[in-house]
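A quick write-up on the structure given underneath.
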Amino acid sequence: MSAAIREYVQPGCTVFFGGMQHGEPSAAIHEIVRQRIERLTVVSALTHTVALLLGEGLLQKLVVAYLFDLYERENCLAGRARRLGAYPELEEMSHYGLSLALFAGQMGVPFMTTRSQLGSSYLQHNPNLKEIACPFTGQKLAAVRALNPDVGILHTQRSDPSGAAHRWGSLGMDLMGINACKTIIITTEKIVAPEIIRRDPNRTVVPSFRVAAVVEVPWGAYPLHLAGCYNSDLPAFAAMCRVESTYQAHVDRFIYGVADRTAMMQRLAEDHGQPYLDRLKIQQPIESTGVINGY
Amino acid sequence: MSAAIREYVQPGCTVFFGGMQHGEPSAAIHEIVRQRIERLTVVSALTHTVALLLGEGLLQKLVVAYLFDLYERENCLAGRARRLGAYPELEEMSHYGLSLALFAGQMGVPFMTTRSQLGSSYLQHNPNLKEIACPFTGQKLAAVRALNPDVGILHTQRSDPSGAAHRWGSLGMDLMGINACKTIIITTEKIVAPEIIRRDPNRTVVPSFRVAAVVEVPWGAYPLHLAGCYNSDLPAFAAMCRVESTYQAHVDRFIYGVADRTAMMQRLAEDHGQPYLDRLKIQQPIESTGVINGY
Amino acid sequence: MNYTLSEQMVVVAARLLQDGDAVYTGVGLPTVAAFLAKLTHAPNLTIIFETGIIRTDPCLLPQGVDTLPSQTLADKLSDAFYINTLAERGLVNLGFVGAGQLDRHGNINSTCVGDYRQPRFRFPGGGGACDIASLCQNWVAILRQKKIRFPERVDFVTGPGYLDGSPGARERAGLPPGTGPKKVITDLGVFGFVDGELTLETIHARAGVRLETVRENVAWPLRELPSVGETLEPTGNEIDLLRNRIGYRSGSVTESGG
Amino acid sequence: MNYTLSEQMVVVAARLLQDGDAVYTGVGLPTVAAFLAKLTHAPNLTIIFETGIIRTDPCLLPQGVDTLPSQTLADKLSDAFYINTLAERGLVNLGFVGAGQLDRHGNINSTCVGDYRQPRFRFPGGGGACDIASLCQNWVAILRQKKIRFPERVDFVTGPGYLDGSPGARERAGLPPGTGPKKVITDLGVFGFVDGELTLETIHARAGVRLETVRENVAWPLRELPSVGETLEPTGNEIDLLRNRIGYRSGSVTESGG
């Protein structure tokens, strides 16, 4: 993880994180904090641990529809960013607008359209939204300019060593987001044999020639839930962010104070007992019927 | 099948058939022929049994990128259509163009863009393609007008009784095509319990509120192959279409002469022996590892 | 009958849903309302969450929109793109949104108060609220009512209501014809729209709310139906389902959707 | 060494592929060429079929592009949309196309001869050929050479070559900068492009093809490299792989991709 982040996430670059309220690459985000990679532009939707980049003053710009932590009454992170002189520039659009920006990026076209956001104030404040007329019908549309982040990080349930990975559960902006990126890092709960991936190639996220690095990192989305792997521990995360003292203690002990995610999970087990983590695991797994291929 | 086709496929309507060289809804197409539903506009990509609609004079218009049977040296179908006074109007664009027309239809926006087809003659002859300039960059783009077929038919490997269905294998234009349609008919190799579908909801094609009818029809894609089910018998189909005599004998015996696909497959077994069909079945099935959900 | 104002709000919202509807809901009261409708008069309801979850069975009450319970045994798991294409196609009958503020013409603001670049107050942002407010056939806002949250004109239109309230304003802006806010449900009353203006329809009188309180908690002279009624109370069955089947506890989920 | 002209064409095509390339191939010779490249000098080749199949392992030789063998154990199964987004993003290094006709400036016609609405001759249509010719970083046409198939100017541009041949014509049309046809492989020779004009590079002399035959089978005065070479013959290893490992029999697959 350390090497992949160091090589591909440069200070000042634009990063997309997958995981819209589901299975975000939080271990990768911790590593970015640990390496203190600064002046990042972050493109993301409903990711929670991006809050740490805000609190640690590593953001230059946020391209988002929503970030809970901008609500200064609720926690200490935006205030910390201000004090560090690193309150990010905001570029805002709606969630659908953001998904279209990334989709256009995936497609290699300069924009996509929707009627959403017409009549709203987003169009006045975001230069990457413009009103246009349809060449066939004349109707008004909001054009959303394409986004191609420098690097994208997606956490997945399983991947082969080449980066052919399976992700399932709700997909938020994962597919258009990761496909839009110039460089792709896959983090995964488990590295598996290529055959496991290729027996169900419909579920493969991107072909491996698109993947720059693959990192195995169990619990890589904690404190988020990840389908098939573990439930979320978000209430604890939200409580920790509320005030400076608990926040500072948390980042010192669980990010700067450890080498990696494995060490972090060990500390969590030490501090709270192994049952604290065990209760997050899937209690009643439901396995799907597979699909058949072959000839 | 008979009732679903009679109710939803009206003379003169626009029909989308899924299955781009993979698992097309051929049983449904046979039923349309059997009911002699005329003046159809067909939107499709690399479907083979659409040839029967051409040969039977049931087409008014084709919205396609390619149809083998337009090649009059190769078989008798376009010639038959001419003699029946039903050689269809052609609206042509590239395959990617067609997928974008359907994608725009799915999205509910009036067009999508690509650089493909710029410089080509498609733009001069198809009024549903127009050159536009990007509002952000000024660059030229081909705008492809949205298509929303009246009815779409997709054949699937398994579906629950509500129409929540799983389809896998190569997907051609299946997803954007079926989503673009106003009314959706799902045909399926096998009706299964809802739980089978819901244990892998990432694979579900459309939510069931979008589905008007579900029809169980084993061998529903024959003579095409269908992942997990059977290999193709396309050489036999192509040979049959070459000359009038074999073509006429085929449609008389296997379409007009039977009530449904079950009866057709029985006739095939009678005429050629059961091993003829058995050899099409998957000889070496490869089953995927399932996915886990639950909490 | 004992019930909380949150329960009253949920019940009003649930009753707006019709059998066969597809509803786009956010975390909190809207999801509870959808589950309640499903268990009462709308068994064929389809519930859509913005991360891509489409389900017809209720699930364990999500603490967020997206949880393993809300994913598990869903009818379809898709993404934020797919569910909005359903909305833009006109296939989503109703959307629920929360809002930081809501103005006289139903415009919502979940972005900021004051100048956009130097705001006096920052909300977390609109998320998918603009998409719901723009694209669903109709939408309903649910929020607690305080005067500061009901300004005459919002500083930032995060989600379009009837804009300036003039006839056809949404359509002129390019929004899909016939869409717009249908109801606003607060802890004080229920509002509709007449000529594009927020209009009080009923107050939660049985729960002790007075007309004066409703009027005092908007920043302009409130338009009212000629005869403002009393909000129909929850039935015993509804409260039983809410508490014992759905597991809803007032205060156990946050108020806002979208 | 005994080999057929089809085998010669395949070998020329295979040698155009570089290790690490992503190649968009159609049925027939192009697929055989990609498999051969994979087994010789380009083990890290990614092969893309237009129905959505992306694979890095060769498979049983498909009779069509899409068969159960070509689907099974693919690296990714997607759709016609996805693979073209890869191309438009500039991520596909080379595309192979077939063509009904190819003209002096590399424009291909797989649509019709004569007036579009009253054609003298109808081809089956372009399929994905226009997408490959428009979007891939470069493309290669493979077709058998007859004069009638090499007119000076095609009646319908199904896939853009260098258009009128003027400098920057593709870019002026809006096509991605730097794209365009790179080679044309026929059963007589191999052509490149100089100043946007088809230019003979080598002839299959060892297989008995004469320069005159190549010249006679285009409809205009053919441009040639100052010194037209002989196409490098297939090696014994290539022929062995083609026949015994890939299972290619000349005539067993059709010529055209796209």
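We call the chains A, B, C and D, going by the order they appear; numbering starts again at 1 in every chain.
Operating definition for what follows: a contact is a pair of C-beta atoms (placed from the backbone, for glycine too) under 8 Å apart; a residue touches a chain by one contact, two chains touch by 3 or more.
Everything numeric here is computed off the predicted structure, so don't read it as measured data.
*Asks:* In terms of CA centroid distance, which chain is the most far removed from chain B?
*Replies:* Checked the centroid distances; the maximum from chain B is C.
*Asks:* Using Cα averages as centroids, what's the distance between chain C and chain D in whole Å?
*Replies:* Between these chains, centre-to-centre, one finds 57 Å.
*Asks:* Express in whole angstrom the distance between the two chain centres, defined as the mean CA positions of chain A and chain B.
*Replies:* Roughly 37 Å, centre to centre.
*Asks:* I'd like to verify one number: the distance from the centre of chain B to the centre of chain D, where each centre is the average of its C-alpha atoms, in whole angstrom.
*Replies:* From the centre of chain B to the centre of chain D is 28 Å.
*Asks:* Between chain A and chain D, what is the separation of their C-alpha centroids in Å?
*Replies:* So the centroids are 40 Å from each other.
*Asks:* Which residues of chain D are in contact with two or more other chains?
*Replies:* 67-68, 71-73, 77-78, 88
*Asks:* Which residue numbers or ranges of chain B touch two or more of the other chains?
*Replies:* In chain B, residues 107-109, 114-115, 139, 141, 168-169, 171, 199, 202, 227, 231, 282, 286, 293-295 touch at least two other chains, as defined above.
*Asks:* Given which chains touch which, is the overall layout a line, a ring, a star, complete, or other?
*Replies:* The chain contacts form none of line, ring, star or complete graph.
*Asks:* Okay, what are all the chain pairs that touch?
*Replies:* Between chains, contact exists in these pairs: A-B, A-C, A-D, B-C, B-D.
*Asks:* So in the complex, the part of chain A that touches chain C is made up of which residues?
*Replies:* Touch list, chain A to chain C: 20-22, 45-46, 64-72, 78, 92, 94-97, 99-100, 103, 114-122, 125, 131, 139-142, 168-176, 225, 227, 231-232, 234-235, 282, 286.
*Asks:* Which residues of chain C touch chain A in their complex?
*Replies:* Spelled out, the residues of chain C in touch with chain A are 49-53, 63-68, 71-73, 77-81, 84, 88, 111, 116, 122-131, 134-135, 156-160, 163, 169-170, 173-176.
*Asks:* Applying the document's contact rule, which stretches of chain D touch chain A when the two form their complex?
*Replies:* My answer: residues 20, 22, 44, 46, 54, 56, 60, 67-69, 71-78, 85, 88-91.
*Asks:* Which residues of chain B touch chain C in the complex?
*Replies:* Contact set of chain B toward chain C: 106-109, 164, 179, 195, 197-199, 201-202, 204, 206-210, 293-295.
*Asks:* Taking the complex as given, what residues does chain B use to touch chain A?
*Replies:* So the residues of chain B in touch with chain A come to 107-115, 128, 130, 132, 134-137, 139, 141, 143, 145, 157, 166, 168-169, 171, 196, 199-200, 202-203, 227-229, 231, 282-295.
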